[in-house]
Amino acid sequence: MKKIINDPKTVVAESLRGLAAAHADVLRVEDDPAIVVRVDAPVPGKVAVISGGGSGHEPLHGGFVGQGMLTAAVPGAVFTSPTPDAVEAAVKATTGDAGALLIVKNYTGDVLNFETAAELAAAEGLDVRSVVIDDDVAVKDSTYTAGRRGVGGTVLLEKITGAAAERGDALDAVEALARKVIGQVRSIGVALTAPTVPHAGEPSFDLADDEIEFGIGIHGEPGIERTPTVSADELVARMVEAVVSDLPFGEGDKVLLFTNSMGGTPLVELYLAHGIAERLLAERGIVVERRLVGPYITSLEMQGMSLTLLKLDDELTELWDAPVNTPALRWGV
Amino acid sequence: MACTAETLAAALRAAATVIAGHRVELIELDRAIGDADHGENMDRGFTAIVSALDTGTPETPAAVMKLAATTLISKVGGAAGPLYGTAFLRASVKLGTAAEVDGPLLVEALRAALEGVQARGKAVGGDATMVDALIPAVSAAEEAAGSDIASILTAAADAADKGAESTVDLVPRKGRASYLGERAIGHLDPGARSTALLLRAFAEAAR
Amino acid sequence: MKKIINDPKTVVAESLRGLAAAHADVLRVEDDPAIVVRVDAPVPGKVAVISGGGSGHEPLHGGFVGQGMLTAAVPGAVFTSPTPDAVEAAVKATTGDAGALLIVKNYTGDVLNFETAAELAAAEGLDVRSVVIDDDVAVKDSTYTAGRRGVGGTVLLEKITGAAAERGDALDAVEALARKVIGQVRSIGVALTAPTVPHAGEPSFDLADDEIEFGIGIHGEPGIERTPTVSADELVARMVEAVVSDLPFGEGDKVLLFTNSMGGTPLVELYLAHGIAERLLAERGIVVERRLVGPYITSLEMQGMSLTLLKLDDELTELWDAPVNTPALRWGV
Amino acid sequence: MACTAETLAAALRAAATVIAGHRVELIELDRAIGDADHGENMDRGFTAIVSALDTGTPETPAAVMKLAATTLISKVGGAAGPLYGTAFLRASVKLGTAAEVDGPLLVEALRAALEGVQARGKAVGGDATMVDALIPAVSAAEEAAGSDIASILTAAADAADKGAESTVDLVPRKGRASYLGERAIGHLDPGARSTALLLRAFAEAAR
C-alpha cells in the first residue's frame, strides 16, 4: 500500500485539519466527534441540510459544506458510517427552529446510525427529517434486501436541497423536494481497479488486467458483474442503457448528466466518456440541459466512473443554477 | 460460578483481546464480500470498551453491559456498531438490577440481544448475517439453560460456530454483501464470524 | 493497461469533444489542428493569454480556458508538445491588436514548437510575446542543460496573467507581470506510482512497492531520486524544505500555497498533506494568505503530489482573487 | 546511382516502414529516461509523410525534403518534431534546384542538417542526444564524399550506430533525459537511435 499518510488510524482526523486550514472562509471543523460545519452555522431561520457517511469519498461530503449546499457533514472512518453521536453533534451545531434535513445514503450502517441520531435529536425537541437516497440501478431493489445503494445522485441531491434551504424554503418543502429528486435520479458505476482502504492495506478486491467490475458501489465492494474490458464506446453505451431504461428516461426529457470519476480515472478519460454519453443521449432524444463532470463522489484511488441522470424541471434547474460556495462546487459567488 | 460485574468486565476484556487477534481475519472476510472494515470497526469498539472499563468497573452486570453498549454505539459506526450496540443494550435492560447473573437470566439476556438485532436490522435466519450465528446460539443456550454459565455459553458458542459456517452457502440478503448476490456464495459472513468469536471468548472467560 | 478509451490515437480528440459538450458556455473546441478557445474570443482590446503542451495533465490547460484565465489552450498528443501550426492557429483565433502572451513550460519540445509558432505569428504582423516558466526546484538549473521544468507554478501563472488581461492590462504589463510571477514561484513533486501513457501501454517507470520518486516532473519521467516510502510528515517536510530554501521564502513572506494532486492521489490524502504543509510554513513564520488544493496539473493516473509556493504582494493577491470562470477554476462569477 | 525526387521519396517510404517496425523499441528507450513517446511521435510523423507523398511526389529532391520537413514540423510535436523538421528543412534548402543529388551535394545536405539541429537545440557532442549520432555520421560521410551515394550513406549509418551507442555511457545534458542526471547512464538515447535507424534506412534504400 502506498499512501501519503502517517497512520491509518489518524487519516481522517489529519485530513480534516487540512480541509479546515484550506477553507476557513467557508467551513470549520469541530473535533470529537469530528464534524464539518458551515462557517456561519447555525444560519438563523434556515433549514439545516446535513449529510455524512464513511470517509474516502471526498469531496463528498465535507467538500460540499458551505453556502447553498450542506450546512454540515459528518465524516466517519474510511468507508464506515459515522456514529449517532457524531451525527447528533452536527445536528445540534447547525439546527435551529427551522429544523434539519438528514440526507442518508442507503447503506445498512448509514441508515441505522442516522436513524438513532434522528431519534436522539427529536428527543431534544429538534425537528429533524431524514431522506434515504438509493439511486444505484445496479442493485436489485426489494423489501427483503438491503435495497439500492446511494451513489452519485447524492451530490445532486445535496446541491438542490441546499439551494432550497438557502433561499428559505421550510422544512416540509425541502423534504418534499428531496423526495422528488430521489424519485427521478438514477446512477450506475464501473471500476477498473480496486481502492485500498488504509487500515486494510490491500486492494479491496482483486481484478485481473483484462477485467472490470460493472455495477460497482463506492466502498470497494465488488460490482454486480465482472466482465472483460471493453472499449469506452461499449462501456458507456452499457451504462447509459442501464440508467435510461431504469427510470425510464424518455425522448424529450430534460436531464442533468453527471459524469463522475471514482477518483483514479484521469480527466482526459472522463471527458472522453462524457462525450460519448452526450452523443448517446442525444441519439435517444434526451436533452442534456446541465452537466457536471469530475471526481465528486469517489472511492479513494479507485479507477472507474459513474453516470448519473437526473430528470430536470424548471424548479430543479433553477435550484441547480443557484449560487453555491463550497470547496468542491462553486459558482455564482 | 455466577457472573458478577467484575467477571463480566473481565469477559469483555478477554473478548477485546480475541477481537484484536482476529482483526485481520475479519477485515479479510469483509474485503471479500464487503468493504474491508469489519475487523477494524470491531477492534476500535472493543479497544474503546477496555479504555472505558479502565476508568472503573460499573456496579452491576447491567451497568457493565450498558457501558459496553454505548461505547459500541459511539465508537464503531457502520452496520456492526448499531447492531451490536443494540444487542448489548437490550441484554443490559434484561439484566435489570441483579448483582449476579445466573444461567436462566443469561439465557434471557441472550434472547433479548437477538431480538434487538432483528428489530434493528430486520434480518431473518438465512439472510447470511450475524443473525445466522445468533439464532442457533440462543436456541442452544435455551436448551442448556439448566446448566452453569460456562456450559450455557459453550453450547451457544458451539452453535454459533456452526451457524456462522452456514453463511458460506447462503446468498446474502442484508448488509453490504447482499449487493454481490450469488457472487457471495462461498464466503463466510464477517459479522457471523465475529458473533461466534465473541461468544467463544465469553465462554472461555466463564470457565 | 486499463483505460476508458477507444483507441490510443484518438484519445485527445475524443476527450476534447467531451470537454466541448460539457462546457459550451465558456469554451469551444476547433478541429485540425485541435485548439480550445474561449467562447467569446477574440475579446476586443484585450491581450490573449495562450498556453498549451502535451495532453494528460488535465485540467491543465484546456480546463483553464475561460473568462479571467486562458484565452486559448493548445493540447498536444499525450505528453507531447503541440506542433507550431496548432499554436499558430490558437494565436490567430484569439489575437487582435492587443497582442498575445504565450505561456510556455520549460521543456525542449514546448520551447521549440512555441518558438516556431511565435515566429510564424510575428511574420503575420501579430504582437506575440513568450514567457517560459521553470519553477521546478528538483532540477538543477544551468545554461548548459535543458534547465528547470515548468510545473505547478504554471496554473498560478495562467490565473494571474489571465486576470490581468481580463482587466485590460496592455501586453507589456501582462508580460512583465508574468516574468515577476515566474521569478517568485517554486515547486516540487513526488510520485508514488507511474502513469501509463495510452500509446505506450505500460507504466512510464517501474517503482517497487516501498519506493517513491522524489523530484518528479509531470510527464512520467522518473524523478531525480528514488527513496524508500516515508511518512506523510517526513515527505511533506522534505518537500517544504526543498521549495522554501530555493527562492528562498523567509519569515514574514506572504504566500499562496498550492497543494496539487498528480491525479491518482485521493483528496483525503491531499488534504492531509496540505494540513502538514500549512503547519510547517507557520512554524517558519511564512504566512499562507491564499491556497489551492486539488488535482490541477496532473500526470494521468499517477499517484503523487506537488507543492507550489508563490510569494504574494497586494497586486498578485488581487489578481488571484479576481473573478474566473473556467471548467476547473471558478469563483466570483 | 544518383538520387532523384522519386528515389528520395522511396527512401522516405522505406524509412517510414523502419520507424514503424521500431516504434515499440523507441517508446521503450524513451520510457526508461524520458516520457515514452518518441516511437509514437516518429511513427506519427513518418506515417504522415507517406500520406503526403501518396498525393503525389514533388518535382525536385529539395521539394520532397521540404514536404517531409513541414510534415514533421506539423505532425510530430515534442522535441523531435522541430529538431528533425529543421534538419530536413536545412537539407532541403541546400539541395536547391538540383534534379539529382550526387555524393558531394548529399554530404553538404547532411552537414546542413546537423547544423540545423544544433542551431535549434543548442546541443553539442557528448550531451547524449541525436547530435551524438549525427556528428560522427556527417564526418564519416565527408570522408566518403568521393564514393557513390549508397557508400556515403552506409558509412554515415555505420558511424551513427556507433555514435548512438556512445550515448549509453553519457550523462544527458539536453532534453528530457537530462532531468535524470547520473541515473540516465546505461541508457541509449532514443533520438540518437532513431537518427541511426533513419540513416540506415536511407543507406539500404540507396543500394
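Chains here go by letter, A, B, C and D, matching the order in which they are written, and residues are numbered from 1 within each.
Definition applied: a residue touches a chain if its C-beta (ideal position, glycine included) is under 8 Å from a C-beta of that chain, and two chains touch if they have at least 3 such contacts.
The structure presented is a predicted model; accordingly, all values stated were derived computationally and were not measured.
The most distant chain from chain C is B, comparing centres defined as mean Cα coordinates. Here the spacing of chain B and chain C, counted between their Cα centres, is 54 Å.
The centroid of the Cα atoms in chain A and the matching centroid in chain D are 54 Å apart. If you average the CA atoms of chain B and of chain D, the two centres end up 74 Å from each other. As a whole-number value, the distance joining the C-alpha centres of chain A and chain C reads 29 Å. Those residues of chain C in touch with two or more other chains are numbered 78.
If you draw each protein chain as a dot and join the dots that touch, you get a simple line with two loose ends.
According to the touch criterion at the top of this document, the contacting chain pairs are A-B, A-C, C-D. Those residues of chain C that touch chain D in the shared complex are 33, 54, 76-85, 107-109, 112-113, 115-116, 138-140, 144-146, 149, 197, 199-200, 202, 204-205, 217, 219-222, 224. The touching residues of chain B, counted against chain A in their complex, run 27, 31-37, 40-41, 44, 73-83, 120-121, 173-176, 178-181, 183. For chain A in complex with chain C, the residues that touch the partner chain are 2-6, 11-12, 14-22, 55-56, 58-59, 63, 78, 192-193, 209, 212, 229, 231-233, 235-236, 259, 263-276, 278, 288, 291, 293, 295, 298, 300-301, 303, 305, 327, 330-333.
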